[in-house]
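Each chain gets a letter, A, B, C, D, E and F, in the order it is written, and its residues are counted from 1.
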């Protein structure tokens, strides 16, 4: 921990602050995840961690590393961006899965499925002339 | 040029990512640009259509609004988690929000915003009716949520991305 | 010099004839017989040219080196005894060939017959002439094999197959014993040279292993010579064509045992054990054979038991071991060969002409077969020991020997009595043979109506042999020279000159002979009716026929019990096997460590970090949870497994292994997806598995739990013990010091992977490629189970949804991530040599990026847009890695020698440029190819199932429209 | 600067890999081209193996033992990975390529069409085998084990079907578990000694502190489990018959050398680490090898006797073969002497060739309804349980050429496997026994037990094979199967190999004798390895 | 820390072994994966534990090897991870094929109890 | 002073994150539904990533970044495929 001793306070304090903030928010999110009663409620909890929880810690790291390196080291930004971009996918899927299951089970308080005029299930046919595999069952390697 | 750089915006963004990851030097700019261009070409294979941004200004504005909202809702939700367990005042529920947005790309952006903002969860979007089913952590007033999404975010998104 | 070659030719000739005969067309009866006969005649000529030397007690030798390192050489030696025996083999061989020429049917595949017969002759001659006791065993076993093939010549018949198998099992088994005996003998005397063994009688008899050697040796000799209790194979061998019986099973092969006894008597004999075993078994067999022979209704069966009996007689003589006994034995070998071969041939003629060998059916043939009748009578008389025939003379000598004293023990004293008893039966069965076949009313209802004399040439061999019987019987001194030469070869030059005579005065042996003739006749006359009406064997004894015992025992020893034991000590259940493996592994480690482990001198350790401990609390719970849920809640187990994998990744990162953390993470992701892909084909368990809550199942689980606890605890203990010991000086330090200077990279782990130990990585990517190929190949042929073809439940029912409908928004994000993953992969790849990353993690990252597209869209949609040729990627990757390695050759360095330096590229700065990176590129390509291939091959199964569903739906629709149309 | 010929040592690994990878660039439909590449590569492999064998004999100057090396990446021992060519590895290489050519041709007749990428996987298998025989590094050995295992998984499953998949699960599960043991063992050895080089370890064994030695032993014991599984030691061998029976004929033929990889490693490592000069570690594990080997022989014998099908029998014969060699290794560790081990090596070569031949014979024999298919009624007939006394048809019937060749080849296998004279099986057993009896360094009870087990197992082999041979060639009157020339040729080739090692038995035995003597003196190996010089270093010296 | 990691190895290995001895293919595959985690950590631990000193060297200068984590076990683990990933994938596919071909997920390819037999 | 602050903050962050992971692990283990487990795993991933960053700060080593980034960019793939399986019963179709 030698290099931390040389830190000036004006760096140490914000870094410590962001660290504590991030960690606390993440912890709170996790507490929510553990304590909340309904699944849909629990769905909200981890976003504390993925938003400001992560942001706090990443910021702390950025400040600290930039100071020690003596230049702006912003690569933590990459993590932050992609964390933000990718989190919705899982949560959307999970929410949808819960909804689907609740609808089947007829859980009260769940909005029903929207009536739709869908065609029966079936895969979309690929654009003509671009077919990579004449027979989809032919696995790649043949093409 | 379009064939070489099918997604200039993406190429630029990826180059930026490269620079962030490595270091801001001319060499890495070149290297990053090459990598980014190649990656964009690969992307073009699965997504030939270019995403056009009409008004970057609206996007920047949206970015700041969302930033603030995130901070606010972080606080709100954190407080609710700490206290809500005991008092049970909080009421959560579903909100159906009719959307005008139809393009997948801005919708995806919207989904990120909704997700990144603690307190709102994207549950289902119906393509045909354009309805978004949202789950909110603390149901203040249904209309507030509709307003928040439809006005605060959707308008800006509609501005930024032409139909 | 010439003699040497002559001996070799002598041995080789029959084998050459065998090869020649084998190449002849199937129906070339004459040619095959001529080839065989001439080769034997040639052998006889050689033999006769060698006689002058042999008669001077010279041993003619010849040596061809084969396995000098084992002292096994084709070391042939011919002395008088071998000469005499070879003479019998070759001369009777010629007669048998002549006989067989007319005996075998037009439809028989004769080349095979002559080929086997000649190969047998060669083996026999080789065995007789072997001067190396291991070569002797080689030829010995060859005769067993040839005998097997010849008995099974008519393999369409069950009895031929059984007989052949039994003969082989008994004689080859004996051969195995003989092999061991000879090996040990060789060790005792210090070599396998026969002369050496024959010289070393004293050493052998005084050696501690002498009893063992003797017993094994005798098992070999007795099985071959059909001595009790191994006698039963010989009657079974009668399923062979009669020429074979006459040749192998009376005149020659069965004599190998007694040949051996006589040959080794000087070195192994002259002990009480020898006397008791050889003499005792010989006398027992002599008696038993004679008694049983009388009761056999099958002509050849009777002759077979008679042969057994006479072999017993010779064995008994060898057991007595005196000079006179040996001479008598040699003489009886010759005589028996003559009369028994002729008898077999006449039996063959009778069988051939009448179609039966049953003594009860045969009758009154003396008119139909007058010449055969005379010949049979003379040969039978010789067999019975009637004076003026050869059998009488050697039998007299035998009787004289039984009377003589050989040590005066009980057996010795009983010998004359036993001999007399057995002789009575000999006479009786000989008489029975002649009387039943040729006397009495003319037989009715024979299978062949018109019984007549065979072609003269078929009878000619018999005539010749019978002539020999008579000539020797009348002028026995003609045999003197040969007997003496043979005897001296066995007993040494100091042997007293033997003289054979017809008349020795009215002495005890003659009395016994006469008594036997009278009593035997009386026995047959009185018991005739009862014998004919009785079973195929002597009263009482027939019930415990050795063959039955043999079959009973064989079935159990070689089938029933082995199968039961195999089941008992084996399993085909995987769980048991894995349990054994684990338990044995635990035991192995425990035994190795037990008691020897001392505590470390200086214990090292890191301070406990609570965060780490907390993380592992979850990790441990995940592992246990996964174990708990894996049976009924596979999905839950899978998620828990993901948790366990993540904690592993955290651990690696914590303890300074960032490369491992990255790799573990990407692999973890792919593994999860793979397992999920697989889960699709394991339908959800809906009910409890039957028998799962039975007590036994619970007990089994309890036991496994204990094993698991011990195993886990053991590994933990091992890890702890090693971790807390001070680090030994190891090669790792060298890598650290040299990574930068020698390997041209700062990330030592990566430098090890792509340079110091690149060969491991090279193998590793090959493994990946192979697995990819295997998965691909296997799934190409895969048909999902019927219950898995239908769409998953989530895609059925009212809530069913189109994929596009809910994946619309996520898929946009997932598509965006595609170029990002590519950039990240490039980053990881380029960084590898200096910082965590490398070709492998980059490759998997690309694969994950692609995978994401598969998850986020429809497979057909995505495959219409991206053409992936994973197998070629793998191939190219492997080739690039190889080419990089081979590139070093051009500079005169070994495979995979890397060249590293930091290039100062303008604008970019110092860039590590190691050929190792090119290697890493190969790794990258191979990994992308293999991983993508794995994922896609499995993913395509869903498509197939969907297609099957579509087809079914179409069918159903068609049906419906048809029905509508019909209505 | 390295001479071009020095690279020959790595050729047995590179040739198959390049061939295998190259074939991946071809389409599945270009089978002929692939077969051509494959056969070409295999023949090249044979030539290389012969040359390497000659090289390993060395000159009289080097005492008849030339240890050649290949420093991969030009890194010095013990840091880099080294390939070591000594007599033993050269012998194994030759054995592999001797088996590979006929098997490859055989597969080319029909089998390679039954699934995808057969030829590539076959080449990868060769690569794995050769690598395992050549490497002088423990972890690299693991990697090559995995290469050959992965290829064997693929080859076993080649053609798919219920039987194969069922067997595959067992085979793969056992070997995966075995691999984990291997890893634990290697890691433990590294943790205790700090090295992975076999030669280095061999030199270190004597000096391991007594407090650490138990850990080293534990590592070796745990690692040994993997080899014992591979070698088919009872009771870790139950997967083997099922697997070998399920696999396609050419694959099973190749598999008969796979158990020998386990045997090879046990031999190599136990001689290096636990030889007579290993101080406190000398003879470690010998008891397990001796009794386990003999138990395996007995179990194999029971299996041979109790088998209803030739495939099952052949698989159990593989067990007997490897059990015998393992027992001899154990005995050699206990002072059984060099000639005994030499005999065992000879025996291993001969029995491997014979079992491979047997596996290639099985499929043609069972091709039509006749042949082996008729053997289901085997027990009934063979034991006369339902004896039908129709001996009326004692008419000779011509054995057509097919059956003759099949029958002769079968006979050769029988003689070799049963150890009957005059073929190589007999020579092998005599060599083992005369070596054992000649030295007399073992306690009598071991000597005689082993002798009895060896002889009895040979005898059981006679019983079993004769039973099935009779049933197949004599008792069935169905038409002979149609066998392609491309299937006959390999069988005949293998028989010729057997004939060759029989006739030239003395040369082979002289070779194995020197091999065995070198194995008994691990210093030859380790000093040899440490005398290797980096190319770069030698240049500086000059 | 050593005690935690040892315990961790033990728990993973124990769970893995238990699953390995179970009769269902999925259990076995999960067991193999858990075991391979345990083994990987075990290999790793043979280089002893070092916190915060990855084997990434400075560019030039003298290196005190004792300060850094032992890189060799790490390299070995990397290879082991890849290989066990590959073989797991293979086992998985064989598992799927077995289910498809035999209709059961029992490791022996057949159910030990037929329904109704025990009930 | 700053050493103390930093040390305290880092220790706190580590333990808080470890606890968060623990709570995520609770959902992972307890469920009750499959979605909960996946959600728990997702949380677990994110906290692990943050822990890497914090540990990186603590030991002053930049080498944790790669692992954190890989989680950040690719970590969701595992949970996404799990979630998709829950909805569709298969991952790729």
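Throughout what follows, a residue touches a chain if its C-beta (ideal position, glycine included) is under 8 Å from a C-beta of that chain, and two chains touch if they have at least 3 such contacts.
A quick note: this is a predicted structure, and the numbers were derived from the prediction, not measured.
Considering every other chain in turn, the ones in contact with both chain C and chain E prove to be D, F. Chain pairs B-C and C-D differ in how many C-beta pairs are in contact, and the one with more is C-D.
On a Cα centroid basis, the chain most remote from chain A in this structure is C.
The geometric centre of chain D is 29 Å away from that of chain E, both derived from CA atoms. Averaged C-alpha coordinates give centres for chain C and chain F that are 60 Å from one another. For the pair chain E and chain F, the distance between C-alpha centroids works out to 21 Å.
Between the Cα centres of chain A and chain F there is a gap of 10 Å. Multi-chain contact residues of chain E, defined as those touching 2 or more other chains: 20, 25, 28, 42, 45-47, 51-54, 56, 72-73, 76, 79, 83, 86-88, 90, 94-95, 97, 101, 107-108. For chain C, residues that reach two or more other chains under the stated contact definition are 572, 574, 578, 582, 609, 612, 638, 647, 654, 658, 679, 715, 718, 722, 727, 730-732, 734-735, 757, 760, 764, 767, 770-771, 774, 776, 778-780, 782, 791, 794-795, 803-806, 809-810, 813-814, 816-817, 820, 835-836, 858-859, 865-866, 871-872, 937, 943, 946.
Residue positions of chain A touching 2 or more other chains: 29, 31, 43, 45, 50, 75, 78, 82, 85-89, 91-93, 96, 98, 100, 123.
Touching chain F in their complex are the following residues of chain E: 51-54, 56. Taken together, the chain F residues at the contact with chain A in this complex read 1-3, 5-10, 12-14, 16-17, 19-24, 26-27, 33-36, 38-40, 42-43, 46-47, 49-50, 53-54, 56-58, 60, 62, 65, 68-69, 72-73, 75-76, 79-80, 83-84, 86-87, 93.
On the chain A side of its complex with chain B, the touching residues are 25, 28-29, 31-32, 35-36, 38, 40-41, 43-45, 47-48, 50-52, 72, 74-75, 77-78, 81, 84-85, 87-88, 91-92, 95-96, 98-99, 109-111, 114, 116-117. The part of chain C that touches chain A in the complex is made up of residues 776, 779-780, 791, 794-795, 797-806, 809-810, 813-814, 816-817, 820, 858-861, 863-872, 932-933, 936-937, 940, 943-944, 946-947, 950. By the touch criterion given at the top, residues 1-5, 7-9, 11-13, 15-17, 19-20, 22-24, 26-27, 29-31, 33-34, 39, 42-43, 45-46, 49-50, 53-54, 57-58, 60-61, 64-65, 68, 75-76, 78-80, 82-83, 86-87, 89-91, 93-94, 96-98, 100-101, 123 of chain A touch chain F in their complex.
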